């Protein structure tokens, strides 16, 4: 009966989220034996200015790399 | 001193969130004895395309059911 | 279909968590109309040394107050 | 660069978590194009008394079903 | 390798988040010895109607105080 | 009024958590202007077998590196 939360940069399509939800549910069902009905998955999408790694916002990291 | 997080589908009114916050605070105060002042509650609202149960996005589930 | 997470200090009884789970589910059902079956609640319990408010660990706060 | 959090009932083996971590990382890499190195996954395991669905603790649900 | 999540009221500038991300990464590096590259920080911003303390929405609290 | 959650590998001392809580509270107060009293921080500590990066559990990563 897991609660799965995925915090990620915004901008993915519904089709991408559909696939991710479907496949992660399958992985958890196969590997830990949970019934799919008990698995909830939420995608919490944040802008590039709201996510950092290595102390650097993603928006700044991409500006640096000329993207 | 609990931190409460409620991830839910977007679209609820301020009045609904007001009631939920008030009543959950009361429940925690009565049942586990925390002072209301120490209880924080956040509502993290996501679109129907960003929440899945049973491997199916809520938006797809509702489309299937003709809603 | 909310995912509710409650981070709190450890030490509550099963009976307390039972009551909190039951009542919060009822609140969400009554106020936002979600079917109980779609509501999952997790209690994430941490020791007093792992929770701070106002910059002070709960364990230190209680030591200060002579508790 | 997603942060993935999986709150689940305790008791899974390291081998099960290894497989889940490996496969979810692969799913996110394939479906949303994130480099594996940017994907972090945490398993937050709670006892059966600390998880509820439908307003009922898992421990109570299993007692009812004679498990 | 911590996952840091900060749920806060929306409205902070990119410059504020930049500073917070930079400084929290430095704090974790200095105090617990984690390499900056392993530290991810997400800011999950919610409107004033989606955050409560003491059972009161922030939006209501501010209305009461005439702000 | 932020809720801060830090998911990290278990094993840090109370002194380390005390410093982190104190300093992060100070950072948020200085950079985003929140009163310390409104800032709650929880440390959610998980074993090395319950955290993965790049699809690899930390416990496996360290075994590989001969640590």
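Here are some notes:
So that you can tell them apart, the chains are marked A, B, C, D, E and F in the order they are listed, and the count of residues begins at 1 in each.
Throughout what follows, contacts are C-beta pairs under 8 Å (C-beta built on N, C-alpha and C of every residue); 3 or more make two chains touch, one makes a residue touch a chain.
Computed from a predicted model, the values in this text were never measured in an experiment.
In terms of the stated touch criterion, the partners common to chain B and chain E are A, F, listed by label.
Of the two chain pairs considered here, C-D and A-D, the higher C-beta contact count falls to A-D. More than half of the contact pairs of B-E, counted by residue number, reappear in one of A-B, E-F or B-C; that pair is A-B.
Chain A and chain F have centres, each the mean of its CA atoms, that are 20 Å apart. Centre-to-centre spacing of chain A and chain C amounts to 25 Å, using the average Cα coordinate of each chain.
The multi-chain contact residues of chain F, meaning those touching 2 or more other chains, are 1, 3, 5, 7, 40, 42, 44, 51, 53.
Chain pairs that touch one another: A-B, A-C, A-D, A-E, B-C, B-E, B-F, C-D, C-F, D-E, D-F, E-F.
Remark: chain D residues 1-9, 12, 16, 19-20, 23-24, 27-28, 31-32, 34, 38, 51, 53, 58 touch chain A in the complex. Residues of chain D touching chain E in their complex: 1, 3, 5, 40, 42. In the complex of the two chains, the chain A residues touching chain E come out as 7, 44, 46, 49-57, 59-60. Looking at the complex, you find that chain F touches chain C at residues 5, 14, 17-18, 21-22, 25-26, 36-37, 39-45.
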